[in-house]
Amino acid sequence: MTKLGAFSRQYWPTVVLFAFLLASWQTAVTFGNIREYLLPAPLSVWNALWHGDTAWAGHLWTTTLEIIGAFLMAAVVGVALGVAIAWSPVLANALVPFLVFVNTLPKVAIAPLFLIWMGYGIFPNMLMGALIGFFPVVINTAVGLSQVEPDMLDLGRVFNAPKWKIFVKIRIPNALPYILSALKITATAAVVGAIVGEFVASQRGLGYVIVTTQSSMNTSVAFAALVWISVVGLLLYGAVVLLAHLWAPWAEGVD
Amino acid sequence: QEKFTFALNWFAVGDHAAYWVALDKGYYKAKGLDVTLENSKGSGDSIAKVDTGRADAGLADAAVVIASVGRGTTVKTVGMVFDKTPLNIFSLKEKPLSKPKDLEGKTLAAPPGDSQRQMFPAFAKVNGIDPSKVSWVNIEPAAKIAAVAEKRVDGVGDYSTGLPLYEKAAGKGNVVMMPWADFGFDMYSMSIIASAKTMKDRPKALKDFLEASYMGWRDVMADPKAAMEILKKRVPEVDVEVMTPNMLIGLGLMRTDRYAKNGIGWIDEKKMCDSVDLVNAYMGLPKKVECKDVYSTEFFTKVAMPN
Amino acid sequence: MNKGLIDLHEVGMTYQAASGPVEALAGISASIGAGEFVSLVGPSGCGKSTLLRIVAGLRPATRGTITVAGRTVTQPIPDIGMVFQAPILLKWRSILENVLLPAELAGKDPAKLRPRAEQLLEMAGLAGFGPKLPRELSGGMQQRAALCRALLLDPPLLLMDEPFGALDAMTRDDMALELLRIWGEKDLAREARKTVLFVTHSIPEAVFLSDRVIVMSARPGRIAADLRIDLPRPRTVELRATEAFGRLNLELFRALTGKTGGGTTL
Amino acid sequence: MTKLGAFSRQYWPTVVLFAFLLASWQTAVTFGNIREYLLPAPLSVWNALWHGDTAWAGHLWTTTLEIIGAFLMAAVVGVALGVAIAWSPVLANALVPFLVFVNTLPKVAIAPLFLIWMGYGIFPNMLMGALIGFFPVVINTAVGLSQVEPDMLDLGRVFNAPKWKIFVKIRIPNALPYILSALKITATAAVVGAIVGEFVASQRGLGYVIVTTQSSMNTSVAFAALVWISVVGLLLYGAVVLLAHLWAPWAEGVD
Amino acid sequence: MNKGLIDLHEVGMTYQAASGPVEALAGISASIGAGEFVSLVGPSGCGKSTLLRIVAGLRPATRGTITVAGRTVTQPIPDIGMVFQAPILLKWRSILENVLLPAELAGKDPAKLRPRAEQLLEMAGLAGFGPKLPRELSGGMQQRAALCRALLLDPPLLLMDEPFGALDAMTRDDMALELLRIWGEKDLAREARKTVLFVTHSIPEAVFLSDRVIVMSARPGRIAADLRIDLPRPRTVELRATEAFGRLNLELFRALTGKTGGGTTL
């Protein structure tokens, strides 16, 4: 009860903002000149969410798996690349322009090509999500690792710690606020990435629902899918915030 | 049971009902085929899948197929879907584009891949208008309908089968069509393609697949309502309200004398070669495409059109 | 050549800052024998911390050579304990984990050294503060934790930069006596003592602890005096009331201030 | 000359890596069984870059403008939102879920809406780029602003500085490494965003070239456009690195 | 009620740490008059820094009331200068810019205060170091820069947490005399002096500078003694050789250590 109380006290601004947006949206659609097919009213979306004939559970499951997979891959690969870049200037000079190059490639443009190579299904979509989401982790990790006080490094060197141990015991914990910040960013990017993968070719998933219903102008269902996507995104984001809280309470920041 | 993957050209629409019907009714199974229908993001995507062996056969627009052959694919059209061209331009009643002359000085929108866009110079030539007086905007396929309904552009190029979608957005009776078929432009469009590998190694399977698919089409023609029910059952995301008329318009493009005479899916050599000539003339390919390289009637089996 | 454990030969250091070079050390030559307790005193900014870092191999000198145990120093030297001027505790680790850090960094099992770490904390008056985070400690407590960390692996060479700077007189006393015990004052016969290079601002502290006090002049640092403290060991608190202690204090005061009169400083 | 020497010394790993990748790519296409329309050989792309009939200059100009606009908008709006979030917990609780929601929306999915509201042209594409790129700036700014040592805040409070002045003089400079890290990320996101904007609706620009040529399977020109995009991306990234170097030399990190 | 500038009434402070509460202060009552120079001494960790922060209004006490100039302290109080235990210089600002920070924060024109800032730096022996970055200064130099910063706006109340802790004896002497001058020793008649609350670990320093020395007991901090220093002003270096100075030193030593014997500490 008190937890709920605290929660509601903390999140009433969100609730108020969302309620306000929803109300203005409904009003605009009802009284304004906005066509349902373009921007369905919140009530239609609500109906599509609960009373439509879309089997949400299965799509939700598929997409959630893809998103989690994409997020984990982006996190692991991103941290590894960030460490590599901070590790050695030679690696940095070789990798950074290459990674910038990869990251500026519009994934939507190369997605069809990518999927021809990778095939279709859950795993390629995870990969696509990871590809879209890994870059912030790389950069923030590399920057965070380099933002350590010289004194702390001296501390490690005084004890003749090998370079990798200084990374593990000093640089990486020191970079955690950066890494966790990047994970928050990547949590949302992984969501977009998985959906983009599904846009190209898929037989299920929320992205599939969007394309399918959008191509029959069934916009309210497409919006309902967007709602689910955001729910997954918010939950993943919340999980990262929670993780940050448990893992690095000393680096507490804004959620 | 032999695995057989068929790459559709898009996510489920009414145009795809026949394949779901054939699947649902066991026509493929009866021929020993275990068919998978796969969604794609447009003709280019489905062609790439077929050409690289990710799929054994697929659906694609003829213009894109011909261009792809010019750029090195080895796919061929092995069966026709729409005998009459669905190429068309949509506009709103309040600012109608009902004949080619109306297009001059206007702004049209279409994804660059659309056949309407690619073939527009040819269409313009046939109708004696200046294609440089029409300006085109690139848009996402998903944004087509909104673009015209909300008057961001004067018209969009899209298959005539899309009419119900446009009417849903702009209101019944508010949408004006300009079907190219009515203005002296005839060219093949939606077709079934197969890869060289499928044609060479699995001619029997391909032939069986085509026959079963045409049987699917036959059933759709015979009982559209039942067909739509099957599609809805298989793909719950489709909206029956718009996909039924969408499918019916497609059927209209197939109920031709040619199909009545030769059977569903028949490819007419002259029309096919004319289509190739148009593509050669207007799409700036690196090499000229030979008509014989783009199609084959070898795998055709006559399935009669119902009355 | 000298034969000390630490030999400095004409060591000079000029920092290259954006706003121009700063000469911190100008030709330091000295030799420190194994087992010696040597204090370094000198005005603020004269290069004491710089010299300690150079001896530790953390910074290369810009001139001269440094050898430790016969080897020229070009990189951090092994088996030393160092107390920096600031505590430099890792804020994400508890005090105990901070004290155990050297074990982890040196690839030793921290679990085995835990009893020793707790014993050191107790010695430093930090019993019960092991599980706390650094920011939950006062300035002086953080400094003591840093001292425990430097002592954890029982290193034969200790480099200490004002380790008692933030401590009150009494705690300082206690810690000084503990340091002498750890240094190995009881083992005077066995020659098993550690070598200590100790920076301090307190003249009595330098006299009380050291075998030798090196006095540095203002920036750029040079050696102004090298004073042998021939007081008997073990040193006791009572010693501080003796005339000899007072005389050495005065002598050091004069070396440091250049004044010939008597007097005390704060 | 010496500058050039230093530059070449610094970037030879990049050059080696790129040369290696290009060589293997060319080999794979020449000797492997890879279709030109799927993955054109580097030489074909080179030809498309210099000898094709695409008027690159105009497209490049349009897209570069869009990218720079997108980047600037993302930077300004992102920092402003990040400050707002760090400023007040109420604002944070209201805004963060909403921003996460906006950021998880697959932009391609809302293309119709976007087109209707914004129309097409350079400015909407900038907006799309900003929309895709602003989030890392928000999060990194908010996290960076919250990562200030409590002692530094006390310093500000001792002098009775108003809250905004503590932000301006202490929190923001302190957060600069975070903000600059985010700007590096956003530099690449703005590139993707502008291109995605062009995918949604456009009449010129490199994204326009990509869709146009890709759909007629003229892949080598599409790849040539990707090359240009990467060049712009690398230059923008380099500009941010340079800016960081000049602006916050004390926060020097890895580039 | 007391009528001092600063009145503390049963001030207590208990920190709530993750690993349990820590009682830092247990009922401090004291009154400090306007223009008084009061030193605070006590063992490391007894709550001196905590008390200074509470007086400054940076932390709320968990018990008791604090009034400064008649107003109850609930938020940072205006017009004070504070020297923290650590220098806390902003690393992205040059030393001069750091010293000018209070002007900027208080909305004053820093350009106008620049001559004063430079004069303060010169007084602190940092002439020429204005354009340098904090990390280019030694520990003691950083501390002196922090002192300059606290003095910039010439505040009537100074709260100083071991401002000379990292300084050598001689520099410390110089700074102490400067501080007395700034405090307003010359203005004894005019009552225009500042009020200073000064934390130190040095007994002679406390005696030399103060009107009163408050001795705190070990954690949780209580007031163990409140000693009036009735030495004549202006204080001079010679004073330190007097018998009265020695007697007060000893008295303070006893109050601090609880020992009854004589003796000195380091």
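Going in written order, the chains are labelled A, B, C, D and E, and every chain counts its residues from 1.
Simple rule for what comes next: contacts are C-beta pairs under 8 Å (C-beta built on N, C-alpha and C of every residue); 3 or more make two chains touch, one makes a residue touch a chain.
Worth saying up front: this structure is predicted, and the values here are computed from it rather than measured.
Using CA-based centroids throughout, the chain positioned farthest away from chain E is B.
Per-chain CA centroids place chain A at a distance of 50 Å from chain E. Separating the CA-averaged centres of chain B and chain C is a span of 85 Å. Mean C-alpha positions place chain B and chain D at a centre distance of 38 Å. In chain B, the residues that reach two or more other chains under the touch definition are 44, 48, 52, 142, 145-146, 150. Contacts with at least two other chains are made by residues 38, 113, 116, 199, 214, 251 of chain A. Of all residues in chain E, those that touch two or more other chains are 18, 86, 133.
Interface note: chains touch in the pairs A-B, A-C, A-D, B-D, C-E, D-E. Against chain A, the residues of chain D that register as touching in their complex are 10-14, 16-18, 21, 38-39, 85-86, 89-98, 100-101, 103-110, 112-113, 116, 135-136, 139-140, 142-147, 177-178, 180-182, 184-185, 188-189, 191-192, 195-196, 199, 207, 210-211, 214, 222, 226, 229-230, 232-234, 237, 251-255. Those residues of chain E whose C-beta lies close enough to touch chain C in the complex are 15, 17-19, 22, 41-45, 47-50, 85-86, 94, 125, 131-133, 136-141, 144, 161-162, 164-173, 176, 201-205, 208, 237, 240-241, 253, 256-257, 262-266.
Chain contact summary for the complex, chain C toward chain A: residues 53, 56-58, 76, 78-80, 82, 84, 86, 88, 90-93, 101-102, 104-107, 133, 153.
Chain A makes touch with chain B in their complex at residues 35, 37-38, 53-55, 111-113, 116, 119-120, 199-203, 208-209, 211-218, 221. Here chain B touches chain A in the complex through residues 10-13, 38-41, 44-45, 48-49, 52, 54, 141-142, 145-146, 149-150, 165, 168-169, 235-239, 242-243, 246, going by the rule given at the top.
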